[in-house]
Amino acid sequence: MSVNYKKLLDQLYSETKDFARLGKVADYIPALERISGDHFALSLITEKGLLYSSGDHTIPFSIQSISKVFSFAMVYRKIGTEIWNRIGREPSGTAFNSLIQLEHEGGIPRNPFINAGAIVVADLMLSFCNDPKTSLLNFVQSLAGDESIAYNPEVVISERETGHRNYALAHFMKSFGNIHHTVEDVLDLYFHQCAIEMTTDQLARAFLFLAKEGKNPLNGEEILNPSRTKRLQALMLTSGLYDESGDFAFRVGMPAKSGVGGGIVGVIPRQLSLAIWSPALNERGNSIAAIEAMERFTTYTTNSIF
Amino acid sequence: MSVNYKKLLDQLYSETKDFARLGKVADYIPALERISGDHFALSLITEKGLLYSSGDHTIPFSIQSISKVFSFAMVYRKIGTEIWNRIGREPSGTAFNSLIQLEHEGGIPRNPFINAGAIVVADLMLSFCNDPKTSLLNFVQSLAGDESIAYNPEVVISERETGHRNYALAHFMKSFGNIHHTVEDVLDLYFHQCAIEMTTDQLARAFLFLAKEGKNPLNGEEILNPSRTKRLQALMLTSGLYDESGDFAFRVGMPAKSGVGGGIVGVIPRQLSLAIWSPALNERGNSIAAIEAMERFTTYTTNSIF
Amino acid sequence: MSVNYKKLLDQLYSETKDFARLGKVADYIPALERISGDHFALSLITEKGLLYSSGDHTIPFSIQSISKVFSFAMVYRKIGTEIWNRIGREPSGTAFNSLIQLEHEGGIPRNPFINAGAIVVADLMLSFCNDPKTSLLNFVQSLAGDESIAYNPEVVISERETGHRNYALAHFMKSFGNIHHTVEDVLDLYFHQCAIEMTTDQLARAFLFLAKEGKNPLNGEEILNPSRTKRLQALMLTSGLYDESGDFAFRVGMPAKSGVGGGIVGVIPRQLSLAIWSPALNERGNSIAAIEAMERFTTYTTNSIF
Amino acid sequence: MSVNYKKLLDQLYSETKDFARLGKVADYIPALERISGDHFALSLITEKGLLYSSGDHTIPFSIQSISKVFSFAMVYRKIGTEIWNRIGREPSGTAFNSLIQLEHEGGIPRNPFINAGAIVVADLMLSFCNDPKTSLLNFVQSLAGDESIAYNPEVVISERETGHRNYALAHFMKSFGNIHHTVEDVLDLYFHQCAIEMTTDQLARAFLFLAKEGKNPLNGEEILNPSRTKRLQALMLTSGLYDESGDFAFRVGMPAKSGVGGGIVGVIPRQLSLAIWSPALNERGNSIAAIEAMERFTTYTTNSIF
């Protein structure tokens, strides 16, 4: 396919930027609330390593739940199928249902991308890493090829102060025996991973290993084998956008992961990785302009996984 | 890719046939209960129209919920996006949850492939077809290129006699105003569509339009445009195997639809359609040997949508 | 206690009549919708048989769910403790929960006063009565000492036409095997019992057997033995006012049963029975002025079961 | 009524002691697990102050959830109807449902006797008491007329170590803004109140104020006015025995409160208070022999609130 990606990203930038006016910047912590809703960034990197960008692609933002892909990949790589003793791999329905399901299903979260699931992943990471916060950051830096990526300490503190629901989830799972470390230790790691800051350029690069059948494109290292790479992308497709995953698969047709910081990163296997950032969210907590841009991307290029 | 599909299907036949011993033939109606669990059939058709088969590929069986793809395609083709006023497009979680969600979400089923959703589709079909039972059968026959495909009247009667839960769903949605015709008329159509009988050869052919970007491969007629074809396959991926959809996407990585008759049909866009039948089901109501064969198919060919 | 009941009822009439303005007459069927919200009636009968009334105490109204006490008493008298194999005796929480609970608890309704429970009671009545509609009416007539009490056929028809949710409940329980007759037969009886019309004078009389330790005050016949009479009143206290039962016990402190026709009947054991009718309902489906009058009754007389 | 209560308690002791064999001593903390299931104690005190006892009535045991009546009475006395801005007064159905209901109902627990409700009561106590642990103990001591009543520090520690579900509830309600102090402070008080130890003699005395229309029988002090006393007893009747409250009202017909230590205390207004202790619990967490003895008590005396 001979798409002029730079031109396409610029076109998507102008066509979809104003969709942000229909949404609302996350306001549950001050550090997110004060971000201007005007930011808009798009970065695409091809499996050959060519990077195209438009807008604020050099401004770091809080990746929030996008980090769940990184922590899951680290743990999946380390312990493989054992992870499925502790977490499921089915879509969860609404946040409302996820709580009922935890009760129903003995404290086993439905998948690694709902909060409960990512908290169990953090618990697992504590079991085999001496210094999981450093290991996780190193892992992300090595994927993005950029050592400047860091945690935002102010965000960590805010997450901790407002994270009552995550405390509730962690204690609830601990009552079922599905959290092995102290809730404080587990959530300290979890709140840190949510507070990683990256640019769309860095994010697109860091997700490119998925489009390379699991290999770090910078050094050829196998992060996940092809079969596990397929599986991780299937999880992203069915569960990557909270309760909007089905709708996103329907409209866009790309495995992807979103965060309440306004970022979304998607992958077309063997082809490319695409990261978009616009802070204003729809009522389901996903970036409204980023989804619109993603949908137009697959429509205009008639390129999707389907 | 130069796979010898005939040889591969024969290999899958012998490797996975015995998985049926771990499952159980559906027993809620006599017409299904008396089917031998020994049947096993695999049919694959390429986008070029080459058909490969193994096992009992000429024996018709009850397609049950696989019919939901046909009825949905007919209605989606007719009324387009209006359908989303009456049905959602998110995975439903468990059957248990689907009932709660109906209550929560004002009688709007989560997607067209859970029973509640397919019942709404039947209600919609009654609104624009004079003789929906004939129209639906004609549609399936034209896709498969085979006029011998028929309803099994004995199965229709059994479905009606044991369908208390479907009656409950239909009345419940009617209480929310989301069923416009009488419950008897809607369920009569619904029970008929579940009672269609087809062989795996016929099923593989009838699903090939999805791999042809929406065109009937026999006559070039556009069933759905490419964008809607993409969307239908996204629905199949996120919701095609009941509460096992996430797991199936994870293990197999193919849009597919299953039925309690033991059939599963999957598609790899622009490449092929694959129908497998083995009557013994796992506890989530999907054919245990068919899933195993599908997983090995994508693993051996390293071919999936991811 | 030497309360002047006539004077007290008149006082309650003037003090609480206007509370009806805060409520809304049931509008789901025309026959109820057209009732004037201005009606207000209070009737009290002492265990000695002295009747006191105020307001529209000679105008019949639709007793609706109040009939559940009559049908339950008939069946409990007939089959005794066996009834608990088919129905529970715990409060149900919200209507929303009652559906979840049916699913959770194998189709066994939580108590005989939620709709699902009363539908099972109707199913039981069909098992031992040749002509249950006549038997039920005769039973009510004998308790009230008044053969003019009748079904309103127009209400029966309306209930049937709008009763989709009750059809859903009945089919749902039938799917669990907890309805033994046809849904049509069961609901025909159920819709009839809801359509009984009575005055507050008749209702107060008909509930007096509960204040007489189970004996029909008109002829001394034992309807229920003292132990079962106690048990029925305990059910009324914990479950007689839908999701407002706890609040009513808290505010009023009297076993009682309400209906969406606007009637409430309460009992103080060994003392009296009190029936009040005001058609305007609060958001939980109970008569707003009747509850207010009942609360003032127990507060002014400092007489309750506590 | 001229019942020989001493003889009756002795009779109940021998008749119902062995029901304990059908149950199981609470084993979630060591301090409860090691209690012998052979203990059995019954104490009754009349509104005139006459005390009758049988069995181990001088051995203190962990009152656990029975303490919820004491803490609620303290807070209700202090802030009156304001308490209903923070807690409901409806039965909760199952523990399972109580969690769903918290989500549904904005973090407002259904009543003060489920754990979530008692945790909110503890939070309220922290708002108006300088030293709530001392105040609560003094309150209980003054009702029982016995300054030896104390917290068991070992039980407090065990509760804290195993109380993950209570932590989850508290954090969950805090996420809705319905917990105003730190979760640690609130649960420290809550775990203490559960760890109060009393004998059945002390418990019967301490509940007698309810049978005296709210007055402390020892000094005539008004704990609650008659109307609030009625209301508290209504709450006990509809919600005092967890998910067995309806059944207990049905079988026994007495406002009561149970604890997982095996104690149950019931009241017949204006007559008596009855405390029974037998550590073996049924599957719903209530003392199996104590319930049986209570039922026989109301059956033999034909005395209940109904």
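Note that the chains take the letters A, B, C and D in the order they are written out, and that residue 1 is the start of every chain.
Heads up, the rule we're going with is that a residue touches a chain if its C-beta (ideal position, glycine included) is under 8 Å from a C-beta of that chain, and two chains touch if they have at least 3 such contacts.
Not measured: the values here are computed from a predicted model.
S.K.: So which chain is farthest from subunit C, going by the mean of the CA atoms in each chain?
M.R.: Centroid comparison gives A as the farthest chain from subunit C.
S.K.: Provide the C-alpha centroid distance between subunit B and subunit C, rounded to the nearest whole angstrom.
M.R.: Chain centroid spacing, subunit B to subunit C, equals 48 Å.
S.K.: Distance from the CA centroid of subunit B to that of subunit D, rounded to the nearest Å?
M.R.: Chain centroid spacing, subunit B to subunit D, equals 55 Å.
S.K.: For subunit C versus subunit D, what separation do you get between their C-alpha means, in angstrom?
M.R.: 32
S.K.: Which residues of subunit B are in contact with two or more other chains?
M.R.: 96, 100
S.K.: Going by the touch rule stated at the top, which chains touch which?
M.R.: A-B, A-D, B-C, C-D
S.K.: Quick one: which bits of subunit C touch subunit B in the complex? Just the residue numbers, please.
M.R.: Its residues touching subunit B are 96, 99-100, 103, 164-165, 167-169, 171-172, 174-175, 183.
S.K.: Where on subunit C is subunit D touching in the complex?
M.R.: 88-94, 96-97, 100-101, 104, 110-111, 226-227, 229-231, 233-235, 237-239, 243-247, 249-251, 253, 255, 269, 298-299, 302, 304-306
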